[in-house]
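Below are structures written as structure tokens.
Shared between the two complexes below is chain A, which pairs with chain B and chain C, respectively.
Right, the complex of A and B next:
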């Protein structure tokens, strides 16, 4: 079996397990955790194109999550909009926010871009506090749930899981096509990206706006799951958490970051000794991954397999086939 | 070639630098140099280190703007055109130090070169509309042929970071060819290659010439340059000292004095 098939098989298994989760989850709390993971993944799946593929260090996505969450709470709650419409509106709002944030900041190199996204996250938090009339200020805001059949924990889980699956499908489509290669070129060598014709800023901006829309939808689902949001819900560590999930999972893949979210969300909750460690656990895991498997846990199996069964790369002298080259150059010019 | 970009340039047009000067601060790296690269011609660019060869290549491919002078493809002025526009117009290049995407396979690295021909945008691709898959399939089969052509058929699925040096150089050429270029600008493609590999490179350059592609060859292996090139330009200290056939340049006293040695 090729790694490709193995990965697809693993993905299918995960999908099956996720779809049937309400039937085998031990208790309501596990179902809640799974819903939380799915809501996070809606955001992280989109962010993955920005961080994992295009290599842009956005550490401010909690700001977009917060805009999405408050957008949903205000539109579906105070304004009485249908929740489905409110989700769509929050997604659009965060897409626009992503555009406004990305347009100036994506021109900045590496760390300066990271600082800009962090600044925006902090500003959003302050604005939420200051606009008490609209957001409830420090007291917070109740968030309405979804109508039947999504009003039960299982129903809402399936809704969130469906959104997570949709985001996965969208990013997978981008990742495996020319658009995805263009993003990877921006990450690994901007000079190469330019040389082959990739519009660097435009490609980054598209991925960033997409991640904004995902953050808006994810924020809406996240808020509905919490049922009550305050500025403290959107602490800056959450932003780092999103970023760290992708780094621990591995850049340039989808399964890896997904495993990253699952591990980082579920493990501390399910294994109580780890919960006591709190952030220490994150730090330890991050350190372990960066030192031992810098390519991310998404590739651990592959790397272990390669270690167990080393296939020496045999050196074959480069031997051009000039008639074939000539044919290839002539074809459909 | 994308139809809109191709329509702007007549077939048979040459890529020209006309009296280009490029200054970096107070240093004049290139001083009033002209060069015409014709389709189906292998044009060598030689000179000592610091003579301005790579600067000229960067001016032609768009990484630098000239301080003075003009760059044009046919009647199309290019001196302010970004690198990406020149790529769409059919100007490809390789790098002195190969710049590959280490985590992608050899095949995917080559497919990236077909970017100018991919019309499916981000949203269209995300929603899985058929055009993106179709274009990918076309890029894949063409890249496969090109890779077999340049001698990397054995390494299609290998990650680029596992390639040997010569393989990296040939992969860069395949990637440039995946764009169906009119011109390829090669920055020291023979650097670090064995004698056999240099011969292979020569064969590839000959095939490009026959396919009507203009090749600019920046190179230090002067024997190789004089063997494979139709015309040669010699630079020294940012100035052109001689342009002509390999025989003319090789026996030019000035070229011998500053570069070839007695």
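Right, the complex of A and C next:
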């Protein structure tokens, strides 16, 4: 079996397991957790192109998530739009927000960009609190669910998982083609990328707007799952969580960040002392990964696999031309 | 109106002091540490704990604030900077300092509680003093004194000249026999002590609050970027300008949009003069 086939088989197995999850999940809570992971992944899958591939450290994506969530809650709840339309609209809204944010800030060097995105996360929180009559202020806003086939927990899970799968497929298509190569080139060296003709700002902006749309859709699903949102739902540490998932999983891959989301969402729920430590634990994990394996946990698996796999021994038989050597030695004397 | 201006100047002084701490660390390592805003936070919390919690005199609280800040500065250098600078990856320090900042903020939140707690009075003074209240003039005086002190330190003392040499060219400084690693450690400890001092002096204005760090990291950075990276006078001007702008904005429009206006200022300055008011032009490395 070639590695390509094995990878496809693994992906198919994962997809099958994810699709049948409502049938073998032990209780409703596990299903809720799985839906939450899928909704997070819709955002993180898009963010992965920005952070993992293009190397732009956007630490304020929770701002876009909260725009998407509030957009969905207001459009589907107060304006009475059909939820599907509301998802599309808030995706578009977040895409525009991403464009407006990215256009000035993606020109800035790394730390400036990170600070600009962090500021946006704080600004969105301020605006949500200030625009009380639209967003409910500090009290919050109820969010309507989805209509008929998706109103049960299992149905909503399938909807969210389908969105997550779509995002995965889209990012995978981007990542392995020219766009993704360009983004990796930008991450590794901007000057080199420019020299070989990668449109640096354009490529970064496209990835960022795409991540904005993902954040809008993910935010809508997240809000519908939570069924009630307040400004406290979108605290800055949530942003850090998205970011840590990608860094821990490894930059420049899709499977690594996905495993990162699954593990980091499920772990504090299963191990209760970790839940108490909460964000301290994420900080510790981020520090450990940055110091020990900056390439991400995925890299550790690769190294271990390379160590375990027996190295193929190449045998190159040497057949010296002895008579000729003897002649050469003799003639030189 | 006048009270809004004075309060704005005092808030600006805290931003300016944070920006100065950024500058001290940036000069020797070319790193903008996310932990910078947490230094005043630690100073405020340590001071409040020692004075109000343990009931010790104010000068012990001052020592504790500066000591905690300096220790955390040392820790930042040892844990988050030293190993990361040795690698070639450009922005790894952003991740490591962000991780450390999160950890210290959460640790303080778990230990100290998540509610802002009042900071004790340092000098016996009536609460009816109004504009002459110590919570306004202490941070302002301190920020100015810090900037003047740093300028004197850089220009008059040998150690300060080593800092300047390292900020201009670390490799050349190393080649001249300057122990660059030790200087960097010293600069982080110095920045930590100054940050802790700023948090101690501004404690009555900001309260001892665990989530103060991120706000100060952002606003101090905006002050620094507006004033010009690496310039102490610029940091002072940027900080006061930002504080005044915030105060006037909340005087005229209400207090909801402070952060929005601060970032607006940053964007305008970066568009018009990307290197800041007093910064030196960055040469693009190829």
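Criterion: the second predicted complex is superposed on the first by the 289 of 333 C-alpha atoms of A that agree within 3 Å, B and C clash if a C-alpha of one lies under 4 Å from a C-alpha of the other, contacts with A are read in each partner's own complex, and residues count from 1 in each chain.
The rule is short, and it goes like this: a contact is a pair of C-beta atoms (placed from the backbone, for glycine too) under 8 Å apart; a residue touches a chain by one contact, two chains touch by 3 or more.
As the structure is a computational prediction, the values presented were derived from the model and not from experiment.
Enquirer: Can A:14 be said to touch chain B (first), chain C (second), both, or neither?
Expert: A:14: touches no partner chain.
Enquirer: Which one hits more chain A residues, chain B or chain C?
Expert: Between chain B and chain C, the winner on chain A residue contacts is B.
Enquirer: Scan A:207 for contacts with chain B and chain C and give back first, second, both or neither.
Expert: In the superposition, A:207 touches chain B alone.
Enquirer: Given the touch rule stated above, what does A:185 touch, chain B (first), chain C (second), both, or neither?
Expert: First partner only, chain B.
Enquirer: Is A:166 touching anything from chain B or chain C once the two structures are fitted on A? First, second, both or neither.
Expert: neither
Enquirer: Name the contact category of A:197: first (chain B only), second (chain C only), both, or neither.
Expert: A:197: touches chain B, not chain C.
Enquirer: Classify the contacts of A:174 with the two partner chains as first (chain B alone), second (chain C alone), both, or neither.
Expert: So A:174 only meets chain B here.
Enquirer: Using the touch definition from the top, say if A:330 reaches chain B (first), chain C (second), both or neither.
Expert: A:330 contacts chain B only, not chain C.
Enquirer: Output the chain A positions appearing in both contact lists, the one against chain B and the one against chain C.
Expert: Residues 191 of chain A touch both chain B and chain C.
Enquirer: What residues on chain B touch chain A, complex-wise?
Expert: Residues 61-63, 82-84, 87-88, 92-93, 95, 99-104, 108, 111-116, 118, 120-123, 125-128, 132-133, 135-136, 139, 142, 145-146, 148-155, 158, 162, 164, 166-167, 170, 175-177, 179-180, 196-197, 200, 203-204, 206-208, 210-211, 213 of chain B touch chain A in their complex.
Enquirer: Which stretch or stretches of chain A touch chain C in the complex?
Expert: Per the stated touch rule, the residues are 55, 57, 59, 104, 108, 110-112, 114-116, 118-120, 122-123, 126-127, 129-130, 191, 236-237, 240, 247, 277-280, 282-284, 286-287, 290-291, 294.
Enquirer: What part of chain A is in contact with chain B in the complex they form?
Expert: It is residues 169-171, 173-174, 176-179, 181-182, 184-185, 188-189, 191-192, 194-199, 203, 206-207, 210, 252, 313, 315-322, 324-333 of chain A that touch chain B.
Enquirer: Using the touch definition up top, name the residues of chain C that touch chain A in the complex.
Expert: The contact residues of chain C facing chain A are 32, 79-80, 83-84, 87, 89-92, 94-96, 98-103, 105-107, 110, 214-215, 218, 221-222, 225, 254, 256-260, 262-263, 266-267, 270-271, 284-286.
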